[in-house]
Structure formats: structure tokens, C-alpha cells
Amino acid sequence: MIVWKIFEKPRLKSPILVEGLPGIGNVGKVASEYFIEKLHAVKFAELYSDHYPYHVFVNEDDTVDLPRNEFYYHKAKRKGERDIIIITGDIQSMTPHGHYEIAKAMLDFSKDFGVKTIYTLGGFGVPALPKHPKVIGAVTFPELRAKYEKLGVKFESGERVGIIIGASGLLLGLGKLDDMEGLCLMGETLSRPMFTDAKAAKAVLIELSKLLKLKVDMKDLDDRSVEMDRAIAKAKEIEKSMMDKASGKDEFRYIG
Amino acid sequence: MIVWKIFEKPRLKSPILVEGLPGIGNVGKVASEYFIEKLHAVKFAELYSDHYPYHVFVNEDDTVDLPRNEFYYHKAKRKGERDIIIITGDIQSMTPHGHYEIAKAMLDFSKDFGVKTIYTLGGFGVPALPKHPKVIGAVTFPELRAKYEKLGVKFESGERVGIIIGASGLLLGLGKLDDMEGLCLMGETLSRPMFTDAKAAKAVLIELSKLLKLKVDMKDLDDRSVEMDRAIAKAKEIEKSMMDKASGKDEFRYIG
Amino acid sequence: MIVWKIFEKPRLKSPILVEGLPGIGNVGKVASEYFIEKLHAVKFAELYSDHYPYHVFVNEDDTVDLPRNEFYYHKAKRKGERDIIIITGDIQSMTPHGHYEIAKAMLDFSKDFGVKTIYTLGGFGVPALPKHPKVIGAVTFPELRAKYEKLGVKFESGERVGIIIGASGLLLGLGKLDDMEGLCLMGETLSRPMFTDAKAAKAVLIELSKLLKLKVDMKDLDDRSVEMDRAIAKAKEIEKSMMDKASGKDEFRYIG
Amino acid sequence: MIVWKIFEKPRLKSPILVEGLPGIGNVGKVASEYFIEKLHAVKFAELYSDHYPYHVFVNEDDTVDLPRNEFYYHKAKRKGERDIIIITGDIQSMTPHGHYEIAKAMLDFSKDFGVKTIYTLGGFGVPALPKHPKVIGAVTFPELRAKYEKLGVKFESGERVGIIIGASGLLLGLGKLDDMEGLCLMGETLSRPMFTDAKAAKAVLIELSKLLKLKVDMKDLDDRSVEMDRAIAKAKEIEKSMMDKASGKDEFRYIG
């Protein structure tokens, strides 16, 4: 089940799709949210699915919302810039095949707005937190490697990365079946649960901004690390407790 | 798979949907069942699903029944009252996506009877059993907070509640996508398995009765706590044993 | 996915559906297989499903077969007898919702042959193996209790049995939604994995034969207990090992 | 979800379908890959599915690919040879019912090219690594046992093999429902995770080549064992870590 809530149908000129969702170090999510904020990007659609957790979040103003992913757009303002669609959100699919269904729905939706190029943002785990996290790329076709190398992207993922899990991987993999241009930018981060890495997100955003020829003020991003850690730790605790119940680890089976 | 068994199609005037299903402290289930009994509400439909456990219950008279949720209606008797549809039952979905499918089916069914407002009843866990359990609300839209606050509902859920799991959450979350008015009333209860909290149910029912301008005699509710504890403990023991088999914890795989 | 393999479409006169599949003590399976053998019942259909395990069995003659359930028929030979359809097989669904889908498919198929009455056979666990296992019944409607009590069936299931799991339960539960007459005969057996209880099966068969006014020679059934124990122990060991792999308990993920 | 990527529609004369996918000892996968290489078989189709893991593989050239199974064809070059379709790939379904859906899709696809005969390749576990691994067969119909015995295939699977799991089993089992001729060739191998057995693969390939009247140079196969062990060990480590996350064993729930 995929349910779209569409607020606006913006006219965009072959926009680039940028995805940043929760994942290792929350690199993608932090990067996409900061990007949206600094660009004053406009939310135009939400995606709901029964592959997301079966609960509502209670917001600070005592209202509730289903888990969802959100679509924002940004229109090019200067020459050389490109129109952009940004995907962000609180969650990814809880089921393996849900990842496929949702990534496919995102691609179909994006193609209706003229998307032919996809950039996905994520982290990749290293044993110790690096002082200056490297960002490395992976692409959908061999010829793109040369193109993006010229634009400054480093390519060591073939040696260092085995697989890319979730939306960041599947959007590229499914996009490749439709001959779409795709790039994944991965920042080195610590492979530890409950850790949000604003530094890695910053490193990824710097690369992304260069590719998109956008100037993004990075100074608020460092401060953000501390407050996000707290919020995400709380959310994960709740989530984990729910998953334990769903998987029968907990004796308490009835929920509501 | 959703199967409806419909006994009657009552004509109702923009009824309010009230949901109380098994969950933490069984607050919602106890409240809805007691409410149905005291209002002499009439059962008019049953919902069956393959997301419910794959067994039948054996009743005291040696008959069997599939797990199900039940729909009752109550017609307004005095000025100021409203027609009501009440959902109760023994179980909730065993699968995550089943929660979505069933909540959606319940909403679609209810909308056919003119439902535009949903009240869901539940508990929220506190570390120690409170002498006088508080009841707090959560709503589908910000403007409803003010409306229900005037009617006496307390709102601290934004601070105290992270998520609302199952039907109580999803009916509001999915209803919100259809612009429905929704309120969840949650009573403080002990977050402990196998615990049925008639006191919290009473606190929730008092709030609900005020909102619905109904007088409900509460005196039988206190006695009920003890007997329900026993029955539910037995049911959960059986359920757990079945789940262990289904999840392969038990060596005994064949069932029948 | 349900796939039917139909060998013959026998003309039957409002046949009674008798189900005996693997379960506690394998009471149902042993009873139905012995019944088929002694009646010389004829196989006329097989049911295959992707809810069954994803393997083939290798038979003694080096051929392979998918897991399946089998349908046999027996035509009444004397006055007072009834036509009968018997369901037996090696497995039940591996997934909870598969139990529903398969039971529904079995009912729909049986109704095409005029089935209006269902007898399901099973065991119910007791702490110690009884010398003379009792057989108790459960029915789809209260009035059937009196009818079958007159025919000699004991009814203590309301007190002693909480739930009936799998096909034996769901065929009655789903049949009840279609107003079908249903009876479950359960023999007392030991609630222990890897145990096949020919004595309980015999007790159930004696009751069944009385109801169906059939004389079934029981003398081979006692001998059978020993050999079945061995075969089933082997099958379960294999099954368990496959389930461990499927559920990720085992490090060895690749299969084939 | 099954997605086909078809590069070519070769005209084949009642080709034999040969399947070799990952499994115990990776016997089937090693055999099919070596076979493809030595025959210079041509890839003409790829099968993608949401039953495969929800990630992309990062290749050595920094490009990404979804998990997939691949179809190659080989045209008969000499009299007595047969056209062949070979299935190979990195993975099998992650879900039980996905095994059925994928095997059925493979059969339907193959039948469009005239396939009526299926050979599946795999291993079967023995407690100690044999010096000269035996190869034994299983067939879809009893009369095939005699046919293949004359061609040199040994048949002890009825005694030694309980079940054949995954594609090697289901292609035969589902093919049998369509009256297809099927043979599984299983090589003795060590039942140990992370073990790739080129020796067993060689034994299976020798049998297969005899049946197909093809001469396949085996000398590179021995060298291959060592390098494959390393690559597969790495892949499994990654896979396992992903599965742990998916199954909630790991506290780190968010992926991306």
C-alpha cells in the first residue's frame, strides 16, 4: 500500500532527485534536512505506506501523524543551477520487499516530473570516527565514473563498499534498469547504533553543493549534532520497543 | 483478506466512531466493552481477517468462533447526544501491514454510515500504577486541541507520548489523510504484560462520557478488574504458545 | 498461490468433509490416513501452495514431489452411509495468513461437490499420556451440540480447550461464516514435539466411524505407531534445519 | 514483483534448462558459472525481484547492480548436442513464498523458448569432506530413473536425501505439475557455512557434460576454489550483517 498526499504539482525542468533518509550515522537524513532548510525548499508531496511502522508519531503540539517520507522541490535561481527534488523522512520500510515497492513508487513519481538523474546520500561505516571524513561515490554506469571524477568525486567504493542498503541503493539499482543516471555519495562514519554524524553529513553536503553549483552555509550544521543525538536516541528506543513486541520477543503481545 | 459479516444497516446521523481494542493495560477494550454493555448498544457487524491469529476460540458452550472485531451502534436518546458506532474485539492484527489494512477497512466501512469524527481509547505506560490515573488526549489537527481542551480534555501527550501503536493510532493517522476529526484518549496505566487496568479504563470512560454527554453508571467496573485478569492471563498464555510455534521458537512445528 | 491438480470430478451426494492433517500428536493425520486406507478411498485432487515449505520431498523411488495436501473420496456403499471427502497431507501452511487462504480454498473446492458438513480431526494436549484417551467435540452452532451429544459425542471443550489451531480450527471457523455444520473431534494426547499418538488417533476414529455409520477395522493402527514415530522424527529434523536457515538462525544463508 | 530485463530472444530448439544457484557448498553456482565460461554461453536475460535482498552490490568498477539471476544460452554445435539455457546468479529468494514465485517465473519464461527438460545442480551435505565426491540424482517421474541410470547417473537420493531446498527443488517440483522431465544432480559436499566446494562442482559438471555430450575442460576449476572462498566469505559477512539488522537482532534499525 502506497498512499500519496500531493499538495502541489510544480513545473520543474529536468530536476535532479536527491535522497537522504535515515541510515548509518543518519548521514543522509541530516544532510537532506539541512539542505531543505537552507534552500527554503517547498514540500509538495508525502508518501505513506503500510511498510512503515504501524503507529502514529505524537508531535509536540499534541497532534498525530503517520510515518511518512516527504518530497520537497527547489527551483534553480541562477544560471548553471538545476531544479531539484529532495526526499527526506523519519523512516524507511520495515519489510524487505517494502523497500522495493517504495523505491519503485518514488522513481515513478519522480519521472513524472522529468527526473533523469538521481543522487542518493548516505554513510558507510569505518571502525573509528575519522577527523576528516572522506566522501566516496558509486554510480549506475561505468561512463559516469569518469564524468563525476572530473567534478571532484572520489571513487573507492568498489574496493571499500560491498553493498548499499535501502533507498540509497535501490533508487540507483532500480533507476539503472530504466537507464537513469545515478550517483551515491557516501560519507565515512562510525558504524554504531544511535549515532548521528553531522560531520559526515557536512562532508557529503559539501560534495553535493559542488555538484549542484549551490552555495550552502554550513555553520549551523555543527551545532545540530548534539540536539539530534538526543531526539533520535529517544525515537529509536520507542521504535525498538515496538519491534520487540511485533517480533514476539516481548511477552506483551497486545498493543493499542 | 477482510471479510465482513453484516447483520443490520442502521440509519445513523453523523455518528461518532469510538474504538477500544486490546492494548496496554487493556484500557481500550475494557472501556469499550463496558460502554457497550451499559448503553445496551446493538451489534450490527463483524470484521474477520487473515491478519488475525490462525485459530478459532472455543466458547463456553462448546461452539467455535474465528477471532474478530465487532461493531455496535447506539442511537442518541436525548437532545445533545450523538449517534455512536463502537468497535471492540479480542484481538488486533498479528502482522504490521495488517494493522494498516484493517484500520483502512474500518474507516471505509464507518464512512458509509456518515462517520466524520473518531475517538480512540487506550492506555499509556507509566512506571508505577497511579492512584488517580490521568487521561490525556492527542488530536488529528492543531485546532482540535483548543476545542477539546475547552471540553475538559488534558493535553500533555506531545511531551509524554512518543507514539500510539495499533488501531488507536492508525485510525487517527489514516483518518487525518481524509481530513477526519480525531481524538485519542489515553489513560495512565502500568506498562506490564498480562495486566488489565479497570481503573484506567474507568478514567477514560469518564472523559468519554463527558464528551458524548452520556451518563454511564461506573459502579460495576471496579469489580470487573479481578475476573478479567484471570481470563486474559489464560488467553495470553495460549496465544503466546501459538506464537512461539509460528515463529519457530518451539521445536514442535506441526499444528492442527 | 494455490494450485489445484484435479484427477477426477466424482459425482457425490452431499458428502461430508473429513479433515486430518499434521498437528499435535499427529492425531488428525494418522486418523485420516488410516481411514483412507481402510475405506480404499480414491485420490481425486491435490492442493499445492507457496505457503508450504519451499522444497521438494525426495521419495523412496528417487522421484520428487512438492509438499501438498490431498483429497480423497469414498462413496456410500450401504443405506445410512454418506459420501465422504477426506483431506490429508504432510504439511500445513508455514505462514499465518496462508492458513486462512488454504482453508478458504479447501472450503470453496468442497462446496462445489455439495459439502455442507465438516468434521475435523485433531488432538488436544494433556500433561500425561492417558491410558484411555477421551475424545471431545466442538461445533459451529449451539444446536449442533445437542444433535451430536445424542450421537455419543462428549462435550467438554468449552472448559478444557482454549483454541483450535490451523486447518481443524479454520475450516470450522470459516465454514461457520457460510452457515456450514461443523464438528471438531479432538483426542487427548501428550503435548510433546515429535510424538505420534496412534492411540489417540484410534479413539478419534472410533467416534468418527460411529457418526458415519462405517465399520473400520482398527487392528493395524496399534502397530503403526512405532514406524511412524521414526519417519516423522526424520522429517521434522530436516524441516527444523530448513526453518533455522530461513529464519537466519544459521549462518549458512545460501540454499539450493 | 518480478522484473525481466531481456537483451535478446534467441531461437532455440527444445533447449534443456540447466540451473545452478548458490546453495550448500555453492556446488550449483560454481558449476553453472564454470560451464557458462567454458561454453562461452551468451547472457540474454536477467531476472530481478523484491524477494531478493534490498540492497545493491557495488562492483569493482564503482558501479552498482541489484541482486539478480541471469539467463545464458548455448547453441548446439555438433550432432548429438542440445541447445541449452543456463540459470546462474548471486542469490536466491529471501522469503519462502518468493522461492515459489521466482521458480514459477523461471519456468514460464523457459517454456516460451521450448524448454521441456530441466537439469538442476546442487550439493547435499555429508559429515566429512569426501576425497571423491559421489553425484546422485533425483527425477520428476519414475520412468526417468531408468533412463538416466542407463546414461550413468547413480540413484541413491531416495535413501540419502530427505528434501531438496530452493530453486533446485522447486523447478523440478513445479515442472512436474506441468509434466516436465526433470533431473537434479547433487554432489556430496561438506555441510558447512562459508564453504565453496569446487571439487563437488567438478564432479557434478562431469556428470552433466556426459548427459549433454559436451566436452568441458575442467583444469581451471581446481584453482578456482581458493579465490572463490575469499570472495564468498566477504559477501556472506556483509549479507549476514544486513540480515541481522533486518531481523532486529541488531539495535541499529535504520539503514540506508
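For reference, chains read A, B, C and D in written order, and residue numbers begin at 1 within each chain.
Going forward, a residue touches a chain if its C-beta (ideal position, glycine included) is under 8 Å from a C-beta of that chain, and two chains touch if they have at least 3 such contacts.
All of these numbers come straight from a predicted model, not from anything done at the bench.
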Practice item. Work out which chains are contact partners of both chain B and chain C. Key: none
Exercise for review: Name the chain whose C-alpha centroid is most distant from the C-alpha centroid of chain A.
Suggested key: C
Point to revise | Copies chain C and chain D - rotation angle from C-alpha fit, nearest 5 degrees | key: 90
Revision key, fill the gap. Whole-Å distance, C-alpha centre of chain A to that of chain B, is 36
Point to revise | Distance from the mean Cα position of chain D to that of chain B, given in whole angstrom | key: 50
Revision key, fill the gap. Contacts with two or more other chains occur in chain A at residues 239, 247
Practice item. Based on the touch definition given at the start, go ahead and assign the chain network to line, ring, star, complete or other. Key: ring
Practice item. Go through the chains and record each pair that touches. Key: A-B, A-D, B-C, C-D
Study note, to complete from the structure: Contacts from chain A onto chain D in the complex sit at residues 21-24, 26, 28-29, 91-93, 96-97, 99-101, 104, 122-123, 137-142, 144-145, 155-159, 161-170, 172-174, 176-177, 182, 184, 192-194, 236, 239-240, 243-244, 247, 249
**Study point:** Touching residues on chain C, where the partner in the complex is chain D
**Key:** 1, 3, 5, 48, 50-51, 53-66, 94-95, 234-235, 238, 242, 245-248, 250-256
